[in-house]
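Consider the two complexes below, in which chain A is the common component and chain B and chain C are the respective partners.
Right after this comes the complex of A and B.
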């Protein structure tokens, strides 16, 4: 057996460590990301099992504790809200709305941004210029104002604000993906695929996109956090769900601030719920950014 | 340098044209069409027809666009439905209030954020570092209006240290030549008014400045950590310069570039955040004005306000770009 063969065998024995494999290893050692995972996981579990977990119907009103006259008790650990509804049940069901809001708005921004960004990045030329100038125009309006403008056009409501918040994220994803694709387009493996005659669409879908996607995943996680905050903000401005019984955290916070003097917990609890879910996504996003950073690969 | 500025100014033209197109089509997509948007929901059929003729809404779309462009270029945004006053006049009153608030918030976040990030980097892994990390994470995760409500409740309602709403106490009378109340009080030489306006500014500025503060502190920490390991810093230390001199002249000065970049990027966030902060503190700026406009479906105000804020935002970004080019010569040649 020659030396070359021996070396080849040794190299083959080492397990190939891909980007995702490395990233997962680094993520597991990041205490912040672990806290983020725990926060988000409990948030998702609460949202999924809301009907099982909630002790009461979140929409059932009662006069016994209305206007925050009865504080937290054993029966109602988070007290009763201004209409005598069980606050704990509303918080539990609210997790569903917040999760839905986050996912739908990011899905809107991500899918449209992804399509526009990949077209711009891969085709280039005039198409690229038109798309990117349009994105620049959208970015020239501060996010919340753009969302307000869209809601003014569509009318208030939960679906409308999700679309509006999603729309404000389109240019961010489009820019990110275009930049990422431009960087990948000139790689050797793309040239090789082109040389053997792989169709353009297949090159984009199976060679370029998978390699350009990691910054998009990081941005997507952070965007979930921003979306929850922005939707709560629009709810605070009175543009949220038009059915006042909807247990949405932003609207719950807005409706109870006037009882801050007599029953501060009514506003503090939904506020804390928003902060914790947003914090969870931010921590995971930060952790992913560090874990997927190619510059840090191979460390640890 | 001049070439760089001219090139950036020329790049503004397509953005502004695109912006005007976007707003133009936005007005046409509003429920009930532009004439009804201008006149309000209770407009009669005759008055709608009158407005459509007056503004040429019966003409082809491209003609309409050029007419529209003509009025917007003259900064004529029409008349507010509720007050019946020109939108431009209202902007003139409202805008200084928002700028004063945004500047105060920026000042707060820079004056606290840079030293905090610097100390965190110097004591890397220490108590201050960990505390500032946790603090800044919470800072970017808390909805700005929630923080504003908490601050207002604690410092204005419970402790009574600071006023709850507005820019100045009702009983204080000062002329307002600039409409920047702090400046007005200084011009009038009225110490009582100055103290009063500053007191009104504290809570909104702290609330609005919280996110930029968190971001600036994080970036400063990262930048200082980066620069600290550079060869020139080691050289400076090796040749026996006082630690303070190295910190200021070598570390902080070189760390300043990413910090200024991030400060510039906060401009849009401040304008968005101002809408929410102003609502909590009843601050008579652009934010409360726009929120009122949504509630009353006051479309001329919404249109003028959004267009104007976008214009300001674009110009601020231009100024930021130019200032980078001054700070960092490498940008000019790329």
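Right after this comes the complex of A and C.
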């Protein structure tokens, strides 16, 4: 029996597995990623089922128990804020805003960045130079400052914040994808596809992008964390949702810092919520980076 | 297939230059990497032409330019009587069915995200030769032809060994029933035991499907085994073309002589007496190749006249055996002996090479 036949018998014993299947398999064995998953999953569940979970209406004020005069109690585990609103309910509803803002702004940055990055990377030449210099200009302005500028231009509000934070992410995604495409473009399998006569657009869509996308996915999860922080930062600076009754974590933080000495828990709890959600996304991002690394394929 | 005596492929003074660019915003063209500089070759139907030369001499570029993966700078590529040098991609597509390529690195040449079935079936789908229903049986047939289990189609490239992946690449290139295959160092990334398998498979396929090969390699032993004729390349140009066995028995060009003298012989008695000619220095930069005979900076037989100021043309010295050396007759007759020489340093400044965008 020839070597080839022996090997053929051997591989017939294993089940076929795709790259995503493999990555998932590796992700499951990464304790950090599991913790991240649990954090993010509970975050998402809280956001989705906020009306069911929240014991009170997050907007209902009650000045009788406001601030300090009643600390955390069985009725109000996280206490009441300066306007006597139940802090727990506000945190729970705040998850909705943070998640929404995070996802929408990353979606904005990701989609625009992907288009610009693919054009720059695949077409190259003058187009590439123009797009990338533009991205450099955007990157040279600190992200939060750029976001503040955009919010100042568009006016404060939830939609504006999402657009602003999304815009600051565009150059990161564009650069990442361009570099990744450049690396993939010279691969032999791309040449092979061209030799076969596969049209350019199909080569980009079915050969280059799927291989270039994994760093972008990792960056996407990490960007969700950054977006949540940026939005909280904008809220903290007073550029958040202008309706003061909106339970947004960053705004809650600003409103309660004034009472830090008498009721520290009011500021600590939204802060902890921000940290937990950001940590969750970061852990998943790190786990994905390891799981998707092609150099680690075949192991484990 | 029409057989009317004309060669399947003709290269006429083919040049492939890669521009060297510098500048931040506007790219200035500051020079060229002359990867292929005036290569003329003919490949007859059904033959295997071996193309050998050291790394960086432009042999892979020749292969890729033939398939129009690189844009030729000058010269002509004539495939089956048709000038394809400047055909547009759309006009080229029907011709792509007739010429295919096998790559050196079996790990880089298969898309890791696609199943083997998709990889092998892609040429069929692109050219509309198989529908969703008929592609499966054809893929299984192709896999069996190259000696893989027919159920390999549902697996992914990383599940296969190097030799098996090379078989997958072969199945892909056979899918369109081509006449001509450029095999770019198809075995140099494989273990020696596997090399023999793949070479034998290539030979069997050639007989079965009447294939013509351009077999690019740097391993002279493998090339001798598979080739009918061999072309030796040095720094972007052909220095010698000869029937395979003649090249080994009567090498005419000093470069070929030095290459052959470097092959170790598995016999200690012979090995002790064997005289190796060591070439001085490195391959000169193709951005600034030596004038006249490109080999004169390293040639152990270099002469005071002609070599440095006159470009040697390819001349037919023996039947079917051409060489580009002014002194080939004298070297063959033993009138000129090799001498030790120092490397001529006059290295041009280092340049950054920009890989050209796909055409």
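As a convention for this text, the second predicted complex is superposed on the first by the 291 of 300 C-alpha atoms of A that agree within 3 Å, B and C clash if a C-alpha of one lies under 4 Å from a C-alpha of the other, contacts with A are read in each partner's own complex, and residues count from 1 in each chain.
In this section, a contact is a pair of C-beta atoms (placed from the backbone, for glycine too) under 8 Å apart; a residue touches a chain by one contact, two chains touch by 3 or more.
These numbers were taken from a predicted model, which means no experiment stands behind them.
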Partner chain in contact with A:49 - chain B first, chain C second, else both or neither: neither
Partner chain(s) touched by A:142 [first = chain B, second = chain C, both, neither]: first
First, second, both or neither for A:229, with chain B first and chain C second: first
Which superposed partner A:24 touches (first chain B, second chain C, both, neither): neither
Touching partner for A:133 - first (chain B), second (chain C), both, neither: both
Touching partner for A:125 - first (chain B), second (chain C), both, neither: second
Touched partner set for A:195, first chain B, second chain C, both or neither: second
Footprint overlap on chain A, where chain B in one structure and chain C in the other make contact: 133
Chain A contact footprint on chain C (complex, rising order): 25, 64, 67, 69, 89, 92-93, 96-97, 99-101, 103-105, 108-115, 122-123, 126-127, 147-149, 151-152, 154-156, 158-161, 163-164, 167, 169, 172, 176, 193-194, 197, 355, 357-358
Chain A-facing residues of chain B, complex: 14-15, 18-19, 21-22, 26, 29-31, 137-138, 140-146, 149-150, 153, 157, 268-269, 271-273, 275-276, 279, 290-291, 294-295, 297, 299, 302, 305-306, 309-310, 313-314, 317
Residues of chain A that touch chain C when the two form their complex: 2-4, 7-8, 11-12, 14, 16-19, 123-125, 129, 133, 185-200, 202, 206-207, 210-211, 294, 297-298
Residues of chain A defined as touching chain B within the complex: 32, 133-134, 136-138, 140-145, 148-149, 151-153, 155, 225, 229, 232-233, 236-239, 250, 253, 257, 260-261, 264, 267, 271, 274-275, 278-279, 282-283
